[in-house]
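In the two assemblies presented below, subunit A is common to both, partnered first by subunit B and then by subunit C.
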Partner chain A sequence: MFYRRAGIRHTRYQDERQLWPLPFDRRLAILIFLLALAAPFIVDRLYLVSYLLPWIIWSTAALGLNFLMGGAGQIHLGYGAVMAIGAYCSVHMVRAGVPFEIAMIAGGLLSAAVGMIFGAAALRVKGLYLAMATLAMQYIVDFVIIQFPAISGGTQATIQVPRVSFLGVPIVGDRPTYYVALFVCVVVTLFMLNVRRSSFGRALAAVREKDYAAAVIGVNTFRYKLLAFWVSSFIGGVVGSVLAVCYYRAISPDQFHLDLSISLVAMVIVGGLGSVLGSFFGAALILFAPILLNQFVGFLSSEFGLAITSDLRSHLPLMLYGAMIVGFLLWEPLGLAKIYANMRNYFLVWPFRHARQ
Partner chain B sequence: MNAPHQAGAGARIVTCENIERSFGGLRALKGVGLHVDEGEIFGLVGPNGSGKTTMVNVMTGFYPPDAGTVTLFGQDVTAVKPHRIAEMGVARTFQNLALFRGMSVLDNILLGRHTHMRPSALGSLFYWLWAQKEELANRRVVEEIIEFMQLEDIRDEPVEVIPIGLQKRVELARALAAEPRFLILDEPMAGMNQEEKEYIARFILDARDERGATILIIEHHMDVVTAICDRVIVLSYGEIIAEGEPREAIADPKVVKAYLGERAAKRHAGVAA
Partner chain C sequence: MDMLLLAELSINGVFVGLMYALVAAGIVLIYKTSGIANLAQGALAMMGGYAAWAFTAMVGLPIWLAIPIALAVMFLAGVALERFALRRMVGQPIIMVIMLTLGLEIMLRGVLPGLFGSAVKRLDVGIPNTPLFLGDLFLNRATLIGGSVSFVLILLAIAFFNSRLGIIMRAVSDDQSASWSVGIRVERAIAIAWGLSAMMATTAGVLWGATQGVDWSLSLLLIKALAIAILGGLDSLPGVLIAGIIVGLAESLATGILDPIVGGGTRDVVASVIIVLTLLLRPHGLFGREHIERV
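On to the complex of A and B.
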């Protein structure tokens, strides 16, 4: 149908190795990018600020975590702490008068440095033990931020983010803020897409699948595990600073607690480990499912006169949301990205189903 | 065979001296010494558990030896890490396949080019500027190997879905992609039928004659060993019991005894006499 593969012949290696070898996929990607660019002019302000902007920022964070979890196969339960380090570092630098572009990179670098120290645990431990080591990072970073007034400004304090400009454009109002977040998101997305077709990504995948076989073809497993933590934490730090400057505009320690880390892990798993597209799907589901479920339950109680108490009404969405994650793990462990891939594969040969490989 | 070839004619590729290696109370290698010369196909044979794979693991840096030295291309590499040894131009395959699941045949073979590429995170970010040229150049080399190993029609398949005989061939292709000076093959023909064995034997001979690799092969199929090896060493319980020209070494009474037991060895001697 739309996704026709017949008749498409690549005669050069670079045509076959491009990001979207099928014309339909390519056009779809360009269309979505153009829509994202035009969004501030066609979408209502409320939707732009309270749905689209958080979705873009959280998707970028999920991409950074997915690089580590899906790409390099290392679990991380302290990604919220990584983002906190980037956020606090860049906000303090911005307050000290450093340009935002530099503060953002510096936040990323500090996150990368700290993240790599904890990531060094990955050289010795795997699986559950690594989960505990990264969980420890979450608590240690939380503790340090809260206990040092020089960082947090005090236990209950929030730090205001001053007005900043990005590449000469002052970030005031919704549109510039949105475009800064979109810019970072596009850069990280392109990086993630390119990683998979370059030697760097292949080496990471080799370390993930079989570390002794990776060593025998010359991959320094030690170095690549650390690099995976470095790159992932760098992205986390940058996203943390974007989150602080573009979305929260005032930061406090409780914005980066364990629940942020857990919801990011949920985004990666529900979206699909190792999938770029899945990170966007996962972020959308985890961010918006509770809102939609809440409205749905409200609709049920008002329209059908069901006796739903306010207690139940506030808890039911959470229960459904938990059930949904369990359901994903049971029936589609590869996540929303796999569901999309199945649909795409179906239409790729439709209506000649027997041609499916 | 087209290339004129003589055993022991070239330079020393690897020398192992008095290698000792124990696992707990088990002495897997009891002072084994061997050397492989450039251009040779060297066979390492012996009954199960005789220490062949351990020997190879010592050579490639997976198990540092308890005693003894390994010299590779004239350098002492006794406790050097496996990836460093790979960078020196040594490639190997594993007895139990060690392909990367979830990746295509093509990506698996491309990984063999790792030591010839300069992977970096920034290179990935600026793919079009930094990495593309290198990727395409290495793709060309890999396509040559795919053609050489006759893997054209499965290059886009995920490795876990192709038959085991082909997986072994992909692993050999990945090792060859590194353009190794020294290639170590750990039972490349295990579980193969006669036709597949002949294919692999042909690839091994071509790898030496056309690609200039020196080869150490661990193999249980004695017909293959006698057909392609220039020289063999027979291990039993971590000791060398015979070495030399394959046909002679395998007919050695100690080798027959190690494989078949005392009584069968006597009967064999009787038949031979």
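On to the complex of A and C.
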């Protein structure tokens, strides 16, 4: 059903190697892209600004982290700090009068440079120790940003983002902001979709599966791990600047604390390691599940008179993050993307349930 | 810098460091037996603090009874954690296991304050609040007692590794399948390690709860404990003792000397700097075995 294979014949190797060999997948992707383009004219302003925009930005960040965690198999617990570097760098440059396009790239480059310094620890050690190194990075970057008034504007200070324009379009109002975020998201998504078909992506996959086996077959693991850190941190920095300019509009250090890193890691794991689609699913679930749960709990307490303390309600998001990470790791380690793949597979071979795809 | 303040900072730092080391010892214990770094150790300490508080304030038991019961409950909790969560992850990549313990940490950090209320709970273990004056030195009594208890407990843990059960655990840490073949029940050894480590975390939680009250911030002990465990070498208990003193001293001196210069906040970053420096200069720590795979 739906994902029909009948009657589809690939007569050239190119056809087999397409991003979406099945026409249904292709049409679905185009439909979703068109919907995303038309969203500002369809959905209400409130939903656009408070749901769609954060979803797109956080998905892009999750994609960047997924590139490192799922693509190259390196753990990173300090991605929030990477985004903070990009955000602060680009905002300061924009305030100094540099065009936003250049500031965005520069933010990415600075993030990549700093991220690579800490990622260099990954070249000496791995696994657990890498987790520690990146966790330490989060704390150190937080400290540096807060303690240097030249960066943060003093303790407890927020820095306003001036009005900027992107490729000649001034970023004011909801629609231009949304389209800028969507543009960056589409670029990163296309990169992520295609990188795994390139030699770079295959080298990373080899490093992820077993690094000395990769070295044996001639992949320079040193170089590719460093490159993975570089690319991922670059995306993180760019997303950080988009987050600052398009969403927060005024940045303060506490927006980029460990909480952000943890929720990004949760998005990647819940969505599915190494899956592009999963990053979008994961971002949606991690962003919106606490809101929905909170509304549900509020509904319960008002309709049925259940006594639910404000402490409990304020800690629901943390419980949910933790429970989702643990639950997905125990029962569906490949995340929501795997659940979608199972569903797709079911329809693909329907009604022959036991047939392979 | 006057010498008196320096001496005061150093002594308090050493004892605080020993209290951190107790949390780190739990991490080392688990790493030694099963090769898993438990990122939920901070949350376990918090859970222990909450458990002791719940048995005194909510059940109404006297403190000398509440602490042993909390220890027993936490031992079971640790065993259950291993049985129902960690054992299912055997054979998965290390990144998944680390993420699982991190997920547990986040979940506990939400569940406990959510259920018991997030206000700071006072845990009275009978240590008087008055500071201790030693000549002109001004010392914190709770820290002194806490540090000494931690010191004794870590020595006990070192001694434990020379007992029969401890030798079994050392065998398991050396080679799991070899210990299997000589008839050691590997799963049971690992489960006991988790239980013991949860008990150590509980003691740390109670001691810290007595100094600063029980609330979610007890889980922040994790980063300090990690710094100690890494500096000391992840598989060395004596290393924990030494590294604990070093980290405690560094933190206390940095807070006392650097804070007035940079304007506060150094306390939290000392541990991170120590982690990064250790990883860059001596990844296996001061006393750890040099078996980290390098590529």
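We adopt the following convention: the second predicted complex is superposed on the first by the 339 of 357 C-alpha atoms of A that agree within 3 Å, B and C clash if a C-alpha of one lies under 4 Å from a C-alpha of the other, contacts with A are read in each partner's own complex, and residues count from 1 in each chain.
Just so we're on the same page, contacts are C-beta pairs under 8 Å (C-beta built on N, C-alpha and C of every residue); 3 or more make two chains touch, one makes a residue touch a chain.
Just so you know, these numbers come straight off a predicted model, no measurement behind them.
Participant: Counting residues of subunit A in contact, which comes out ahead: subunit B or subunit C?
Facilitator: Of subunit B and subunit C, more residues of subunit A lie in contact with C.
Participant: Have a look at where A:F191 lands relative to subunit B and subunit C in the superposition and call it first, second, both or neither.
Facilitator: After superposition on chain A, A:F191 lies in contact with subunit B alone.
Participant: In the overlaid three-chain picture, which partner chain does A:V216 touch, first (subunit B) or second (subunit C), both, or neither?
Facilitator: In the superposition, A:V216 touches subunit B alone.
Participant: Contact-wise, after the overlay, does A:F183 reach subunit B, subunit C, both or neither (first, second, both, neither)?
Facilitator: Neither: A:F183 stays clear of subunit B and subunit C.
Participant: Once chain A of both complexes is superposed, is A:Y247 in touch with subunit B (first), subunit C (second), both, or neither?
Facilitator: After superposition on chain A, A:Y247 lies in contact with neither partner.
Participant: Output check: A:L227 vs subunit B and subunit C. Expected answer is one of first, second, both, neither. What do you get?
Facilitator: Touch partner of A:L227: subunit B, not subunit C.
Participant: Give one of first, second, both or neither to describe whether A:F347 is in contact with subunit B, with subunit C, with both, or with none.
Facilitator: In the superposed model, A:F347 contacts neither subunit B nor subunit C.
Participant: With the touch criterion stated at the top, can you tell me which subunit A residues are shared between the subunit B interface and the subunit C interface?
Facilitator: Dual-contact residues (subunit A): 212, 215, 221.
Participant: Under the touch definition given earlier, write down the residues of subunit B that touch subunit A in their complex.
Facilitator: Touch residues, subunit B against subunit A: 60, 62, 81-83, 86-87, 91-92, 94, 98-103, 107, 110-115, 117-121, 123-125, 127, 131-132, 134-136, 138-140, 143, 174-175, 178.
Participant: Which residues of subunit C touch subunit A in their complex?
Facilitator: Its residues touching subunit A are 37, 39, 85, 88-89, 92-96, 98-100, 102-111, 113-115, 117-118, 223, 226, 230, 234, 262-263, 265-266, 268-269, 271-273, 275-276, 279-280, 283, 292-295.
Participant: Contact residues on subunit A for subunit B in the complex?
Facilitator: Within the complex, subunit A touches subunit B at residues 13-14, 17, 187, 190-191, 194-195, 197-203, 205-206, 209-210, 212-221, 227, 231.
Participant: Touching residues of subunit A toward subunit C in the complex: what are they?
Facilitator: It is residues 69, 73, 75, 77, 118, 121, 123-129, 131-133, 135-140, 142-143, 146-147, 155, 211-212, 215, 221-222, 262, 265-266, 269, 309, 311-312, 314-326, 329-330, 333 of subunit A that touch subunit C.
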